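Right, one structure below, let's go through it.
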Amino acid sequence: MDFGSENTSPVHPAFAEALASANHGYATNFEAEAWTGRALRALRDFFETDELWAFTVSTGTAANAIALGAMVPSYGSILCHWDAHIVTDECGAPEMFSAGARQVPLPGEHGRMSIDALSAHLREARVGVVHAVQPSALSLTNLTEAGTSYRPEEIAELTGIARKAGLGTHLDGARFANAVAFLNATPAQLSWKAGVDIVTLGTTKSGSFGAETIVAFTAKYNTGLAFLRKRGGHFAPKSRFLGAQIEAYVKGDLWLHNARHANRAALRMATGLARIDGVALVHPTEGNEVFASMPASMCDALVGAGCKFQRDWRLHPRHHRFVTSWATSDEDVDRMLDICRSASGSDQLIASASDQPLT
Amino acid sequence: MDFGSENTSPVHPAFAEALASANHGYATNFEAEAWTGRALRALRDFFETDELWAFTVSTGTAANAIALGAMVPSYGSILCHWDAHIVTDECGAPEMFSAGARQVPLPGEHGRMSIDALSAHLREARVGVVHAVQPSALSLTNLTEAGTSYRPEEIAELTGIARKAGLGTHLDGARFANAVAFLNATPAQLSWKAGVDIVTLGTTKSGSFGAETIVAFTAKYNTGLAFLRKRGGHFAPKSRFLGAQIEAYVKGDLWLHNARHANRAALRMATGLARIDGVALVHPTEGNEVFASMPASMCDALVGAGCKFQRDWRLHPRHHRFVTSWATSDEDVDRMLDICRSASGSDQLIASASDQPLT
Amino acid sequence: MDFGSENTSPVHPAFAEALASANHGYATNFEAEAWTGRALRALRDFFETDELWAFTVSTGTAANAIALGAMVPSYGSILCHWDAHIVTDECGAPEMFSAGARQVPLPGEHGRMSIDALSAHLREARVGVVHAVQPSALSLTNLTEAGTSYRPEEIAELTGIARKAGLGTHLDGARFANAVAFLNATPAQLSWKAGVDIVTLGTTKSGSFGAETIVAFTAKYNTGLAFLRKRGGHFAPKSRFLGAQIEAYVKGDLWLHNARHANRAALRMATGLARIDGVALVHPTEGNEVFASMPASMCDALVGAGCKFQRDWRLHPRHHRFVTSWATSDEDVDRMLDICRSASGSDQLIASASDQPLT
Amino acid sequence: MDFGSENTSPVHPAFAEALASANHGYATNFEAEAWTGRALRALRDFFETDELWAFTVSTGTAANAIALGAMVPSYGSILCHWDAHIVTDECGAPEMFSAGARQVPLPGEHGRMSIDALSAHLREARVGVVHAVQPSALSLTNLTEAGTSYRPEEIAELTGIARKAGLGTHLDGARFANAVAFLNATPAQLSWKAGVDIVTLGTTKSGSFGAETIVAFTAKYNTGLAFLRKRGGHFAPKSRFLGAQIEAYVKGDLWLHNARHANRAALRMATGLARIDGVALVHPTEGNEVFASMPASMCDALVGAGCKFQRDWRLHPRHHRFVTSWATSDEDVDRMLDICRSASGSDQLIASASDQPLT
């Protein structure tokens, strides 16, 4: 029972096979080989456009930071949801790659940036005034950090406001496939058709060894992307092994298969938890993450049974994060639910001070 | 016949096996798993010291840049050989990770930094004067970029001068194993026993998928190393796959086996080339690289036969680089030598203007 | 009637005299002259301590950015009030000088940082976790940006919390003299005795040509301060003219005289405004700034009469900033009040939609 | 007898008067006042073009760093003479303002960059290859650091090569007036007419309190210049005092008068020194600097008499720098020459080991 992160799962066999089959003979280093080229073509099919350029890297933090670094001047700012991974969990990588731009966290329910908050910030941002940092990029996340999915029209509305104000638009797609699968949408609908300039498309959380792609739907950032990637130490000499994984992911339906599996597991968990006394779902489950508040004693019971999850993920109210992946089994979900159900019964008798929300 | 770089070779089966055997079950992400811990213990055995801390990353440029970034303030300078990879081929990554420190290229024969040049630079560097950047790190490379091996006492003399002046000491060990193997030395002799604070130990050029380690023999840079690694986007979520490769490399004699094989192939090539009219070895062959000048027509013949190598690697005189790896076969070396020999015969009749050195 | 900023005032004659009297004969450049030395001694008297080092620069933005840059690593964060000048009006200078550290704006009434907000942020900041930027400096402002004065014990409480968490402590003292004068305190009480490591002491807003001092009460940041100042282009060749102004400011009672004059003018204005219908003071007047909401028609009347002030300084509620200086005359204040009074009378009849608060 | 730097001289009375006359009444801060506007118009007359934008700052290091920072991406390089002030004496300020670009020092006789060296560097620079930093700016200095003057056609040839390769062109004009005066040229001939994009025009060394101007002959860098200036802490609140000095300098013939005076004094010194046994001029005297080698005992005699100069300015051969300014008197020059003459006589008898060149 490991719901701590998709990244604790084993690698999906398809990626292992992709690596093995790429490991034959010599191949020119630094992308002058066949695999990266094939990955590019597969990405153009996947996103249904030839106006697409791709830069592979090995981590999602790198992908986001390089994308934003190419988009934003040092005196610029990056507008993101206050709960975005780039601002909470990347140790200031976007600041580093942009030479010190500022991240501006904006509010919004259930991980979605508030349209009013975005508009208000841009209205008050003193554009053109040298004393103020200049809004330069909008960064959205889909699946959001609250496990919800932006609809195409929601993305389009936010990017529309941003583009009108001259901002570049970035989408952190670490869990892009989960959103596409949940919405029954196409990758194109959730990216360039909705006004996104750059998607950082993850495969790592979907089961690869670690392969992410900066997918640009405009050529204007290419020089910056190429040089920042190298300068940041992210240009892989043995690029074929990144290319092979990415091709494997987007060429067939591996991405969709893995995303649907994970989403179904999360839904099974969420549905189960919703029926347990003392448990409350904090966000709608629209992908492969479940956010729930529960009594501390229930958490203790889970921990005691060896269940891994992100305890005290966020406060207000205090809640916990459970993530599913391509590898999550129904058995593990059911076992976890059983533990919660058992803990729920005993709980009502021994609620303790430690169950109070932190302030 | 691919002598362009070790990185064009296929991955050695031992690394593929390491990956496969690590891919079972769940493992906590971000190094809180067993593989990274085992790699650390293996590194301590390999370097014969417990005063060792390790930070795994996926590229050599990242390893060097993070190490130097942790060692050097923004107003500092990094003293390296004028031919060092960090100054010629990393697109300013050390500048990026140090927030703008300066690289100072120093001369030296056959890839070895001149002791006089180092001493003279330090003597004239205006230490403590705010108008001047402050020498903060010495960076050596072993195997050098000229394919030669620094002896332990040569390293010790250079690091001694540097340490006396308060500098940190870094060794780019992308081909560390090749130097160790050539010299019949121990890893300890060529690193901390010779006054090196941090080695960036490569396995990529030795046959892995891409796994490098920042090996620190002092704890004083650890905070910087840990945070810069994350901030640079180089902290791998699925860290077990880096740990597994590194353990596989240093635990047994894989490192030595691969290095010896590559060194032998280079020696075979160098010995053969030395006997061919019109070919001159530019540097002694003390590892897995051969640097040779030859007539342009001979280069053309190699290219025509599909042989890959770094043509016009450096000028003064114009010469070319041939690299061998764990995968290089005697057949390929001999075939390459045959082509050169044939070209040598015809050459003497049709030497052309294009054979003149560039100016 | 110019209440836009202290910096629109003419320079006080004492500074002009200081410049003139320093302009005789030759003087070694870059602080190896007598004036800077005398300024240092005068500052030690002013702050009643010999544990003090000083670095003069020409702007307040430079002083703050160099101080914070010396205190904070690139992966660090700076905790400040959400209304602090460093975060609202310096175009990311602290980010630049710290190589991309993050500013974290915290709330608090009337320009004072909330102790609870500071404590809560530090409690949740994940200290030691590489995924998160690390709180590294507390930056307070006194006089605050709301024109209020932190009491010594308020500063001590905030710096105490910060120091316990290992943070450095910075005080933006662009209007330090106004706070000292208002509180009838000593400079020492409002700085090192209250736990402040570095004060950036302004004279520009107090009437000089442009001379600010980074005053450090610990030697531990001196290397960073000295090199960052030079590297940032802020080490003045003709340093005697900065030293002369700073000596003139702190040696006698020029600082106190100018601050008291400006504070009295602000109090006169605030007292007058408070009695006018439709005007509300937004913050207590504890220095030389008055913040007031008033009908738009009253603002229009002021603008029409040529009165300079910061209209729509902040929203929630919409209000305006009026600043007084050493040069402000009672006549100008009274004239401004007369205009407001007149506008108030007519106002009650023609209040319009444009007077509503922005949302 | 102070020949250490122009900056040890007192400020010329015309600048003191400019400051005094600007110090009347209120003036909007941050350049929204009359003086900066008048300075701009005066600069357009001075350079004979309306295609000119100006950004005033208080130090030459700031002017250079902001100009280069606006011109060069982080992965770019700046080509300059190996003796340029930006690379020897600004503590890496260009690196800081460009977020870590690299300075590439090129050789050349008497402070002038070798055309061959520039061409060769550009030919070998691997333009477009992500592994290499990309040449992005040419930076020249006139008066050079060797006290010589580039002719307009020499500048044009260098900038022509640079522009053809896509580089921006910068001229460090800390002693621009001295070159213009020596060559009997016009400011336009030595700047935009010779292919220079940005001149950093100094007045500080010409006798002001400290006022430098970034003069751009193209609008394309304006956004970067404006934001970097503010972000670097170099946007002066009381801008009128910078504007007033710059207007005073370029409007009439103050710049020419001061430059001619200083140049004449240097020529007097050089002519005198050339006739003294044991003294050798190291560079032609084409401005207000004299570089001479002389016996150590002669240096000692000068030092003993209280004469200030830059001893051991450069080695190969060891020589010394003497700078004249608007304030240098014939008496001081003659007194200095007398001391050298006296020392020369005694010298021939007691030449000592300490006179040997450093190695």
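In order of appearance the chains are A, B, C and D, and numbering begins at 1 in each one.
The working rule: a residue touches a chain if its C-beta (ideal position, glycine included) is under 8 Å from a C-beta of that chain, and two chains touch if they have at least 3 such contacts.
Since the model is a prediction, treat every value here as computed from it, not as a measurement.
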Where subunit A and subunit C overlap in contact partners, by chain label: B, D
Most distant chain from subunit B, judged by the mean position of its C-alpha atoms: C
Euclidean distance of C-alpha centroids - subunit C vs subunit D, Å: 35
Interchain centroid distance [CA atoms averaged], subunit A/subunit D, Å: 52
Where subunit B touches two or more other chains at once, by residue number: 74-75, 90-92, 96, 99-100, 130-131, 227, 230-231, 235
Residues on subunit C engaged by subunit D in the complex (per definition of touch): 2, 4-5, 7-11, 16, 19-20, 23-29, 57-66, 90-93, 96-97, 204, 209-210, 227, 230-238, 241, 308, 327
Subunit D partner contacts - residues on subunit B that touch it in the complex: 74-75, 88-92, 95-96, 98-103, 120, 124, 130-133, 315
Subunit C - residues contacting subunit B, complex: 73-75, 99-100, 130-131, 134, 224, 226-231, 235
